[in-house]
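Chain lettering (A, B, C and D) follows the sequence in which the chains are written, and residue indices restart at 1 in each chain.
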Amino acid sequence: MVISPVQYIALPLMAAFLIPLFGKINKDLVRIIPGLVLLYLSYVSVTLMMQISGGTSIVEVIGGWSPPWGINLVFSPFSGFLVSMMTILGFLIWVYTYNFKPEVDHSQTTKFYTLFMMLITGTVGIVLTGDIFNLFVFLEITAISAYALTAFYRERDGAEAAFKYVLIGSFASFFILLAIVILYTQVGTLNMAEIAQKMPGVDPYMKGVILLFFFIGFGIEAEMFPLNGWAPDVYTQAPGPIAAIFSGMVVKAGIYALVRVIFTLFDVPEVLNLLLIMGLVTMVIAEVIAMRQERIKRMLAYSSIGQMGLVLVAFSIGTKEALFAAIFLMFNHAIIKGALFLSATYLVYNSKDKEISDMNGIAKLMPFTSFIFALGAMAIVGLPPFAGFWSKLYLLIAAADAQLIAVIAIILVISVIEIVYYFRVIHRMYFKERISKVEIKIPTLNAKFTLAVLALVIIVIGLYPDLVSGMIEQAANDLLDKQNYIQTVLSLR
Amino acid sequence: MIKKILIFILLAVVGYSLVDVFSYIPFGEHRDTVGDFYLQQSPETLKVANTVTSIVVNFRGFDTLGEVTVLFLAALGLSSIMYRRKRKGEKDVRAKKPSSRILQVGAQIIFPLVVVLGAYVFIHGHLTPGGGFQGGAIIATASLLMLITYRKFKVNHNTISWIESIAGVAFVSIGMVGLLKGMSFLENFLPTGELNSLLSGGVIGIIYVAVGFKVAAELTGVIDTVLLNNRPDSNNENN
Amino acid sequence: MTWLIIPIIVLVILTVGAAIYAVVTKNLLYAVVSTGLISLGLSLFFFILQAPDVALTEAAIGVALTTIIFIITIRNTTQYEDEENDNSAVKGGSND
Amino acid sequence: MNQLLTISFYGTAIALILIGLYAVLAKKNLLKIVIGLSIIDGGLHLLFVAIGYLSNGTAPIFSPEVVGQDMPMVDPVPQALVLTAIVIGFAVTAVALSLVIRLYRHHNTASIDQIKNLKW
């Protein structure tokens, strides 16, 4: 069979429908099959990325009707880069999850792995699709798996966090659906390329309203202030690996949708100012709150929101260099926050409240995991020579080119705040006496493997950023080149 | 009190903007949309009388695949959220008191009729209004009737999960066949037949039947999960 | 569509009235039943708007299944919004 | 005449959206909030179908009586999208209600005020 982007959706769905039957043959199959699917999809990603290395895009038609009549998938340098990142990271997290909580019942395990796989598939679908309503459908697939996974543990307050998430997530859906309704009356199509083509003819007032509704809807998914109240609770209550997926993929998909709408669908450059302000506010508030957190996962969650604010700021500058920095930041954040969440999960594995003070002096007991956490912390605040350094540097250069001195100042102050609260944790881990009596849990071998791979990526990208910068540059070009997107998709007609 | 005022201000803003926006959108007028193309192609190329069906299953079939998945995930998520470990010797209890004889006899007569109606709706989805979702929902209503009337009526979870899996796999496989034949995913590869005959529309009818089975199984699963977990709680639950 | 104007107005009043009642009433069971009524009104609206497919779906899913799930939930939780005169609801749950 | 129809369809839809929004924002009871969500959903669906309507158009079904006559038809696309949206809305409602049941089991109340383990 020829490798094509539709496999990203079709294979996981096929597997998800079959998993209950496989479970009857052998109980371990329900855990192994999602991993095999994700492994194969990682292979597909690598193959497809090779095919588009010249900066071209692969457009796949579904149902035999060329766009704008049928739905199409676009594997462009930008979407392809994100999809590859998601599938490979997804596979690594699957490796980590295997044997994560062996005491969970078989029937719950089946559900967990199916939902886990569909969460990744939903985010991949959001990024790949070229149809605005189809994007909404994938958003709902992501959302429903996320709701269920948030409430997965019974002994935590997962149901509360999930209910909050349902509430705010439904608002996001309403706004997006409303925007689609109004958009359809104005352009008469749902294909994103054709919408972009017809957008200049739309009444400016309508354009503004539609864009505002999309902005609110996707802003919720992208954890933008003030619509991010769901995020800390969800990150805290969800199982550890799922929190890594939320920060590494689900939010990235929300940001992808937001910037796709702003940069490709609409021709309203003024919205970038709004994006800049929202990004700055999100970043400042989240980082200040993060400093006051006593629970490790909440701290990481707020740090995650802050980083998303930084990404939004980078996108809002709008130059090619800034977009490069933004996409690089998204990549780094996915890897580093993944490493942080995954290592912190084991550092406070048995602790009930997951307080930071439970981590006092843990470095002596769990040197490997503590080392990964410290590495991630140093990388995310942007210390050289780790991966996070380059993206922040590029962002500062881009901001300097655009003469945004105030933005540079704010980013630097924020970085200091980040250093303060991350180093507070590291200090406690390495230099304080252990007070907590909670039993520690040494990571399983496969979890160690995932952590080691992530740490390796952080170090290697830090030393040789050129390994990914070529791909990221093409991704940035692809995002800016709207006419090219329209032509590639609509030329199939 | 301040909260109430804020809410009303928000509602006024949202309401005003919606009214304002929709005052620019004329009601009942013709617009140039992709719908015209579908209305032209559906009877000519696909030979499907019901244009909504041809859009749902063929032109935008990918949406439907996603939609079936959403329902599948909802059923799965629901049983994951409501899951609780059974204590030793505990059985699934739903009953408090048996329902009346009249209800039981009535349900016995009505049940097959409603199932046949549901099947009719999704088999004729490409000809008349209705289709997989509607037919599936109707069948789920029928099994709901049985669940409520007969306290001992058990939905066989094995059967349900088999139906669900087979229908879902059939949907994706039909899509894959198009891909394997060198066409695109979910493309029609069967002869389309004649407009307004039962065997028209190629794969559209087949897919909609699969969707019907799948939706029926999923909705029944959702209702059964909610009903089954309807038991008083115990203290040793949260462990 | 002219001859339909009276039924449409009746329908508008019914639907909006049911919605307001659903929000205002303290008895959740009544609220759920009026939510079902809203769905019924909507499905008639869809029928008038020449959307029989949507009307059928709304009737099957909105009127029947959603209402049933709501009722089951109420039986499992509480029937009254303020929970003080909550005698008739099936008591379940414990303080843990 | 047409104005009256516009008001009745768009107006009902917007009224439903606002009423539902009020319930979600102002009510304390979890079930009321879910009811509010499903009312908003209904309003949106009505809005969606209403924008596809064509005066004097027939349903987009080429039944034997219609074939051959050049009848104007309503836009089928919004109808197809609403089908999807209704099913998705049902799925979300079902998940939300299951969460309500679980919260009630755990806290023995369905009021937001009394469920405050996490900050609201």
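As a working rule, contacts are C-beta pairs under 8 Å (C-beta built on N, C-alpha and C of every residue); 3 or more make two chains touch, one makes a residue touch a chain.
Just so it is clear, the structure is predicted and the values come from calculations on it, not from any experiment.
Listed here as common contacts of subunit A and subunit B: D. Annotation: B-D is the more contact-rich of the chain pairs A-D and B-D, by number of C-beta pairs in contact.
Separating the centre of subunit A from that of subunit D, both taken as means of CA atoms, is a distance of 29 Å.
Put simply, the C-alpha centre of subunit A and that of subunit C have 38 angstrom between them.
For the pair subunit B and subunit D, the distance between C-alpha centroids works out to 16 Å. For the pair subunit B and subunit C, the distance between mean C-alpha positions equals 19 Å. Residue numbers of subunit C whose C-beta contacts span two or more other chains: 51-53, 57, 61, 65, 69, 73, 76, 92-94, 96.
Contact with two or more other chains is made by residues 25, 31, 33-35, 38, 50, 52, 60, 63, 66-67, 70, 73-74, 77-78, 81, 129, 133, 222, 226, 229, 233, 237-238 of subunit B.
In subunit D, the positions touching at least two other chains are 5, 9, 17, 22, 47, 50-55, 59-61, 73, 77, 79, 81, 83-84, 86-88, 90-92, 94-95, 97, 99-102, 105-106. Here, these are the chain pairs in contact: A-B, A-D, B-C, B-D, C-D. Of all residues in subunit A, only 133, 137, 140, 143-144, 147-148, 151, 157, 159-164, 166-167, 170, 173-174, 177-178, 180-181, 184-185, 190, 233, 236-237 touch subunit D in the complex they form.
The touching residues of subunit A, when paired with subunit B in their complex, are 1, 4, 6, 9-10, 13-14, 16-18, 20-21, 60-65, 68-71, 105, 107-108, 111-112, 114-115, 118, 125, 131, 133-134, 137-138, 140-141, 144-145, 147-148, 151-152, 154-155, 159, 162, 182, 184-185, 188-191, 203, 205-206, 209. The residues of subunit B lying in touch with subunit D in their complex are 3-4, 7, 10-11, 14-15, 18-19, 22, 25-31, 33-35, 38-39, 42-43, 49-52, 55-56, 60, 63-64, 66-67, 70-71, 73-74, 77-78, 81-82, 127-129, 133, 195-196, 215, 222, 225-226, 229, 233, 237-238.
On the subunit D side of its complex with subunit B, the touching residues are 2, 5-6, 9-10, 14, 17-18, 21-22, 25-26, 47, 50-55, 59-64, 67, 72-73, 75-77, 79-81, 83-84, 86-88, 90-92, 94-95, 97-99, 101-102, 105-106.
Note for the complex: subunit B touches subunit C at residues 50, 52-53, 121, 129-131, 133-134, 137-138, 140-141, 144, 219, 222-223, 226-227, 229-235, 237-238.
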